[in-house]
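Presented below are the structures under discussion, each in the form of C-alpha cells.
Below, chain A partners chain B and then partners chain C, in two separate complexes.
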Partner chain A sequence: MRIGNYALKLEKRVTLSGWGAALISILAILFALLLFSLLFILADINPLAAYQAIFSYAFANPFGLPLAINRFIFLLLCTSAFIIPFKAGLWNIGMSGQLFAGALSAFAVVVAFGGKKFANPYLSPGLLIPLMLLAAALGGALFGAIAGFLKGRFNVNEIVVTMMLNFITFWLVSFMIKEGGPFMKSGGEGDGFELPSSIFGPLIKGIPFTIFIALGFAGLLYFMFAKTNIGYQIKAYGLSPAAARYAGIRTFMIPLLVFVMGGALAGLAGYHYFAAVPGLYKIPTNYGYFGDLAFYGIICGLISQGNPIAAIPVALLFGGLSVGGRFVQGQLHMSFGVDYALLGVLMITLVAFQFFYRFKIGWVKAGKESLDVGIPG
Partner chain B sequence: MWVFLVRSFDASTIFTIAALGELIGQRSGVLNVGIEGVMLFGATLGFITAQTTGSYLLGFLVGIAVGGLLGLMHGFFSITLGVDQVVSGMGIWILGFGLTAYIGNPFTGPLGMGRIPSVLGLAPFFFLGIVLVVITWFVLTKTSLGLQIRSVGENPSVAEVSGINVSRTRYLCVIVAGMLMGLAGAIYSLDYNPVWNYNFLQGWGFIALALVFFSMWNPLTLLAGSVLFGTLWQFSLNPQLVLPGFLSRYIWRTLPFAITLGALLLMSTRWFRTRWGAAKPEALGQPYEKG
Partner chain C sequence: MVLAGIKRGETVLEARGITKRFPGVVANDHIDFEIKAGEIHAILGENGAGKTTLMNILFGLLQPEQGEIYMAGKRVKFRSPLDAINLGIGMVHQHRKLVSAHSAIENIILGHPQAGKILNLKRAEEEVQGLCDRYGFKVDLKAKVWQLSEGEKQVVEILKALYRGAEVLIMDEPTSALTPMETEKLLASIEAMARDELAIVPFITHKLPVVLAISHRVTVLRRGKVASCIKTEHATEKSLAKEMVGREVIFMIERAMVEKGKPILQVENLSAFSDKGFLALKDVSFSICEGEIFGIAGISGNGQNELVEVLAGLRDAQRGKVILDGKDITHASSLERWRMGIGYIPSDRIDVGSIGDFSLVENVAMNYYFDHEFSRRGIVDYGDLRKLTEEIVSEYGVATPGPDVKAKNLSGGNLQKLILARVLSRKPRLVIADLPSQGLDVGATEFVQNKLIEAKKGKAGVLLISEDLDEILSLSDRVAAIYEGRFMGILPGEEARKESVGAMMAGLRLEEHEL
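== the complex of A and B ==
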C-alpha cells in the first residue's frame, strides 16, 4: 500500500520484548472490548454505561468483588493448566475435563470418609481438606496424563484427545450426581450432595485459601521456566521436538510431564469452585457452566503469551469481566450469554492480533524500486 | 429398529458432510479444528432465519453462507496473515460457541415448522451426503483441480513453481469446507433435531475432525466411518432400544468419545503408520510463505 511517498511495509519480527508483547496484548483486549460494544449498541445499550456497570460491579461492589476474586482464582489455575503444555507447543483444551475429574476425586474422598452421610466425617478437617486437595490434583493429573501419554508415546493429536476427555468427564459427572448416582444429593433435583460445613474450604478474610495455591503456582511456574533445567527442556521441546531429541531431551517424557502438571492444576481449579467457594460447596446441576468458563483459561494463556506472572492481571481482568458480564445481562435485560459472547469476541480478536506478535508494520519512504509490498519470505 | 437405523443414517449424514468439508480443507494443507464452531454458527443462524422467515430454503442458504464466511475468515487468518492454523481454528470454535450462545438464546425451543419430507423414510440429505462424497472423491482423484488441491497440500513450493496459485487454491478449499460445515450444522438444527438449545452440538464437530484422521483423507472411507459413528452416536442416545436397563444412560453417552479415543490410539501405532502414514497431506498445518 502506498500513500504519497510513503509505503506500508511489513517486517518479520526477530525478537519481541516483554513490554512490546504486553503492549500488543493490551491493544488486543481494548480492540475486543471496542468490538464487543457493537453487541451493546445492537441491544440499544450505551456501551460506556455497560462497561462502567461491568467494572464497577466486578471491582468496586461488595457483592461483585468476592465473585470476581473467586472467578480469578479459578481462571488463574486454568490458565496455568493451559500454559504449561503451551510452553511445550502442546494444546491443553481439556481443562474442563480435568477440573471435573479433580472435583469428582475430591468428593470421592469425602464420601470415603463418611462426609456424605454424616455431618462429622471420620477424619478431622485438618487431614481431610489436604486429602481432598491431593485427590483433586491427582484426578486432574490422571486425565491430563492420558493426553500426555498418548501424545508422547504414539503422537496422537492432543486437541482431539483432550476434547474427547472433556465430553467423557462431562457425562461422568452427570452419572455421578444425577438419577441416583453415588454423589447425588438425597431428594435433590440433579444436584450433587453438599459438603458438611466442617470441611468447607477455609476462608481468609472472606477469600478462599485457594488464592494462595493459585498465586503460588504462578510464581513457581515462572521460576521453573526461567531458572530450572526442566523448564528449559520444556521450552526446547516446544520450539522443536526433533531438535530437542537430538539435544538429548527425552521426547516421551516432556508431553507426559506437562500434561500431568497442567491436569493437576486444573484439578485444583475444580476443587476451588466446588469445595472452597462460599455458597456452593457441591457439584451443582449446572456444573457444565464451570467447564465452559475454563475456556477463558486458553484466552488468558494466549494473551499473557505463556508468561505465568503476566497471567495474574489478565486472569483478574477476565474474572471481573465474566462476572460483570453476567451481572449487566440481568441488570440491562440482555439476552442470556453475555459472558459467553465476550469469550468468543475476545478469542477471535486475539487470533487476529497473533499477526502483530510476528510482524511489525512501519512506514518507509518509498524509493522508485521498492515496490515490494507484502509479506517478505 | 427401522426407526433407529433411519435416525442413525440421519446422524451419519451430518458427520459425513461436516467431515467432508474438513477433508477438502486438509487436502489443501489447511487444518481447521474449529468445525464445531462453524457448525454451531450454521445451525444457529440457519435456525433463526428459517423460524423468522418460515422458509427452510433460506435457512439452509444462510447456514451455508455463514459457513463459507467463517471458512473465508479462517483462510484470511491462516493463509494471508500466516497465523498458526490451530490458533485460528480454536478461535473460530470459541467464537462460535460463545457468540451463538448469546445470539440464539431468544430463540430457545422447538423450530415449530412442518418436518422436511423424507424419501423412503430417510432424510433427503442422506442422499445429498452420498452424492457430495462421490463428487469430492471424483474431483480429488480424477480431475486437474483435484491434482492442484493435492499438490498444494503436499508440497506448496513445488506447486507454486509449476504454476499453481497456492493461496487461491487454499482459499477455494477452506471456503468450500466452511460451506459444507455450515450446511451440516443447518441440517442438524433444521432437520435432525429442530430444537435450539445452548451449545447443543456437544462434540459432533470434534468427532467429525477425528473422522477425517480415521479416513486417511479418503472420502469413501470417510463415508464408511461416518455411518459407523452415526450409528454409534444414535445408540449412545438410545441404549434402551438395544440393551434395556443396562448401565446408566449417562455412561452410554461417553461411548462415542471413548471409541474415538481407542480408534485414534490404534491409528497411531507403528503398525498402522507404516502402512497408512503416507496418506497424510505433507504440508498439513504449515502456513505457506511465498519464497
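== the complex of A and C ==
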C-alpha cells in the first residue's frame, strides 16, 4: 500500500516477548469493543453507557460479581482442559462432552450413596464431596481417553472424535435427567434431581471452593510445562511428533495422557457448575447452555497462547463479559443475545490480531527506484 | 523475446549491484554477475552465502531492494517467475517441482503457452524427443513422473525449461542426487547445450570437481558478497575452497588407523518394510567393530532409511536380528537403545533431528531428558542442561548468540553441529550417521567428518550412510553399497575404488564386474 511518498511495509517478526504478546491482546480487546459499539449505535444505545453497565455489573456489582466468578472458574477449568492437549499439538473440542460425563459421574456417586432418596446420604459429606470430585475427574478423563487412545493407537482425528462424543454425552444427559431417567427430579420439569444441602459444594466467602482447584491446576500446569520431564515430552510431541519419536518419546502414550488430563479437568468443570455453584446444585434442563459456554475454553486457550497462567485474566474477562452482556441485554431491552455476540466479535478480533504476533507493520519512504514497475521489451 | 538473435559470446544476462536484506542479515550485498551466450558460469558458495537468494532474484521469486537486471543489454524487472520465464530464463530446481501422477510429457507442456485448450501431445512429444536426441537425454516421455529416478526427473525439468524456450538455464545443485554415471551423462548434456549458445548457471555448494570439470567461469559468493570471479582454468579445488570458506581447507582426510576392537553391532539377515508396505530392506547382514567406520554407499531411497530406522528402534524388523554388544536388541524400544549407547544422527535434521521452535537447550534435552543426571523425580534440570549446552556449543563451534535462541534460527551447518554435539557428547558405543554432511558446505563437512573420526578413535563403532562417494571412500574402513534394499558387496576401505563402488550403487553385484 502506498500513501504519497510512503509505503506500508510488512516485516516478519523474529522474536516477540511475552509482554509484547500481552500488549497485542489488550489492543485486540479494545478494538473488538470499538467494533461492537457499532452494534450498540445501530440499536440507538450509547456504547459507553452500555460498556459501563456491562463491566460494572460483571466486576463491581454484588449480584453480578459472584456470577462472573462462577463463570470464570468454569471457563478456567475448560481452558486448562483445552491447553493440555493443545501443548501436544492436539485439539480438544470435547470439553462440553467431558464436563457432562464428569457431572453425570459425580451425580452417580450421590445416587449410589442414597443422596437422591434421602436428605442424609450414607456417607459423611467430608468423604462424599471428595468422592464426587474424584468421580467427576474420572468420568471426564474416561471420555477424554477415548479420543486420546484412538489418536495414539490408530491416528484417528481427535477433533472428530471429541466432537462426536459431545453429541453422545449431550443425549446421555438428556436420557438421565428427563422423564423416567434415573437422575430425574421427582415431579420436575426436565430437571435433574437436587443435591441434598449437606453435600452442596462448600463456599468460601460466597465463592465456590472450586476456585482453588481451578487456580491450583493452572499453576500446576504452568509448572508441569516449564519444569517437568513429562511436560517436556508433551511439548516436544506437540511441536514435532517425528522429532519426539526420534528422541525416544512414546508417541502412543502422549495423546492418551494429555486427553486423560484434559478430560479430567473438564470433568471438574462439570462438577463445579452443577454441584458447587450457589442456586443450582442440580443438572438443570438447560444444561446445553453450559456445554456451549465450554467452547469458550478453546478461545481462551488460543488467546493465552497455551500459557495456563495467562489464561487466568482471559477467562476472567470472558466470564465477566458473558454475565455482563446478558445483563445489559435485559436492562437495555436489546433484541439480540449481547453475551454471545460480544464474545464472538472478541474472538474474531483476537484471532485476527494473531497476525501481529508474526508480523509488524512499518512505514518506509518509497524511493524513486520502486516506483517504476514493468518490463521493457 | 529479448534474446532472439543473440550470438555466441554476447552477454545474455547481467545483474548489477543486487542487494537484498532479510531481518538481521544482508543476504545479497551488491552482487554483480554476468553470463554470455554459450557460457557455463558456476556460482559457488557455502550455505548462507546468499546463493539461494540470488537464484530466486534471477528467477523472479524475490525482488531485489537495489540493483538492476539486464537481458541482452536491456533493463528488465521480474515481478514473478512468469516474467522471467517469458523472457527466456529456465530453472531446474533441486527439489523437483513436478506433478508426480502425470507423465513426463504432460509435465513438460504444463504451463506452456501453446498447450492452450486443446492438447496436441503428439506434436509436443515429437518436438521434445528432438531436444532429447540433440542433447543426449534418455527418458521415457510417457512414463509417470513417480516412476522416474531422481536423475530422470531432473532431465524432465531441464526439458521443460528448454521446451519453454529458455536461453538461460539456472540449475540448483545439478549433481547432488545423481550417481557417478548419471553425473557424467548430465555433464555431457550440459556441454552440448552450451555449444548451442545456451547460457547455463549451475549453483553449487560443495561439489567442486563438477565446477572444475564443466564451467568456463566461476563466481564465488561469501557472506552475501562476491568473493571472486575467475576463469575456471585458473582455479583449483583448493583455491575455490579457500575463497568460499575464507581460509585454507584440508581436503584429504586422514583415515586414522585405529586398532579394531571387538564387534559392537551385528546385523543378521535383516529385512524391513517401507512405509508404503513393500519390502525395502532385504536380507542385509554386516557387523561393526570398535574403532571402525562402516560406510554404506547408495543413492537415497534404496533402503538406507529403513535400515537406519530399524537399527534406531523406530521401525520393526520384518525378519532378522540386531545384536548390540552381544545382546539381542531387535525388539528393544528406541529409548532403551539410546540408553544402551546407540547415538543416531538422522538425515532429516530439520524435522526429525531437531525441533525448530525449541531453544538450543531444549534441543539438547532431546537426547538427555531421560538421563538421571538431568532428570530427577520427574523434574528436568534445565540449569545443568544449559551448562551442558553452553559447553558443547563452544566445543563444537556452533555459531549462535546464546543457548536460548530457537533452533530454527540456526543455519543448516550450525544445526548439524548442534545435533552432532548432542549425540556425540553422550559418548555412544555405536554412532549411526545418516547423510551427516548432506547439504553442508565445505567447512562444515570437514568438521563433521573429523568428528566422526574422533568418535572412531574413541573406540566407538560408526555406521556412515552417504550418497557422496568421496566421503564414503575417504572415511570408511569397510565399504558396502546398497541397491534396492540389498548389499551389492562389501569391500575393505583400501580396496574400494570409485568405479567399483559406483557400479555397485547402480545395481551391479561385486562379483559381476571386474575390480
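By our rule, the second predicted complex is superposed on the first by the 358 of 377 C-alpha atoms of A that agree within 3 Å, B and C clash if a C-alpha of one lies under 4 Å from a C-alpha of the other, contacts with A are read in each partner's own complex, and residues count from 1 in each chain.
What we mean here is this: a residue touches a chain if its C-beta (ideal position, glycine included) is under 8 Å from a C-beta of that chain, and two chains touch if they have at least 3 such contacts.
Everything numeric in this text was worked out from a predicted model, so none of it was measured.
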| item | value |
| --- | --- |
| First, second, both or neither for A:F55, with chain B first and chain C second | neither |
| Chain B versus chain C as contact partner of A:F31, first or second or both or neither | neither |
| Which superposed partner A:T228 touches (first chain B, second chain C, both, neither) | second |
| Touched partner set for A:F355, first chain B, second chain C, both or neither | first |
| Chain B versus chain C, judged by how many residues of chain A each one touches | B |
| Chain B versus chain C as contact partner of A:R245, first or second or both or neither | second |
| Touching partner for A:E11 - first (chain B), second (chain C), both, neither | second |
| Doubly contacted residues of chain A, that is, touched by chain B and again by chain C | 375, 377 |
| Of all residues in chain A, those that touch chain B in their complex | 39, 91, 93, 150, 154-157, 159-161, 163-165, 167-168, 171-172, 174-175, 178-179, 181, 292, 295, 298-299, 302, 335-338, 340-345, 347-348, 350-352, 354-355, 358, 375, 377 |
| Residue ranges of chain C in contact with chain A within the complex | 2, 23-24, 66, 71, 74-79, 83, 87, 312-314, 333-335, 337-338, 344, 346, 348, 351-358, 362, 365-367, 369-370, 375, 378-380, 382, 409 |
| Chain C partner contacts - residues on chain A that touch it in the complex | 11-12, 14, 227-233, 235-236, 239-240, 242-243, 245-250, 369, 372-377 |
| Residues on chain B engaged by chain A in the complex (per definition of touch) | 33, 77, 81-84, 86-88, 90-92, 94-99, 101-103, 105-106, 198-199, 202-203, 206, 209-210, 213, 248-251, 253-254, 257-258, 260-261, 264-265, 268-269, 289-291 |
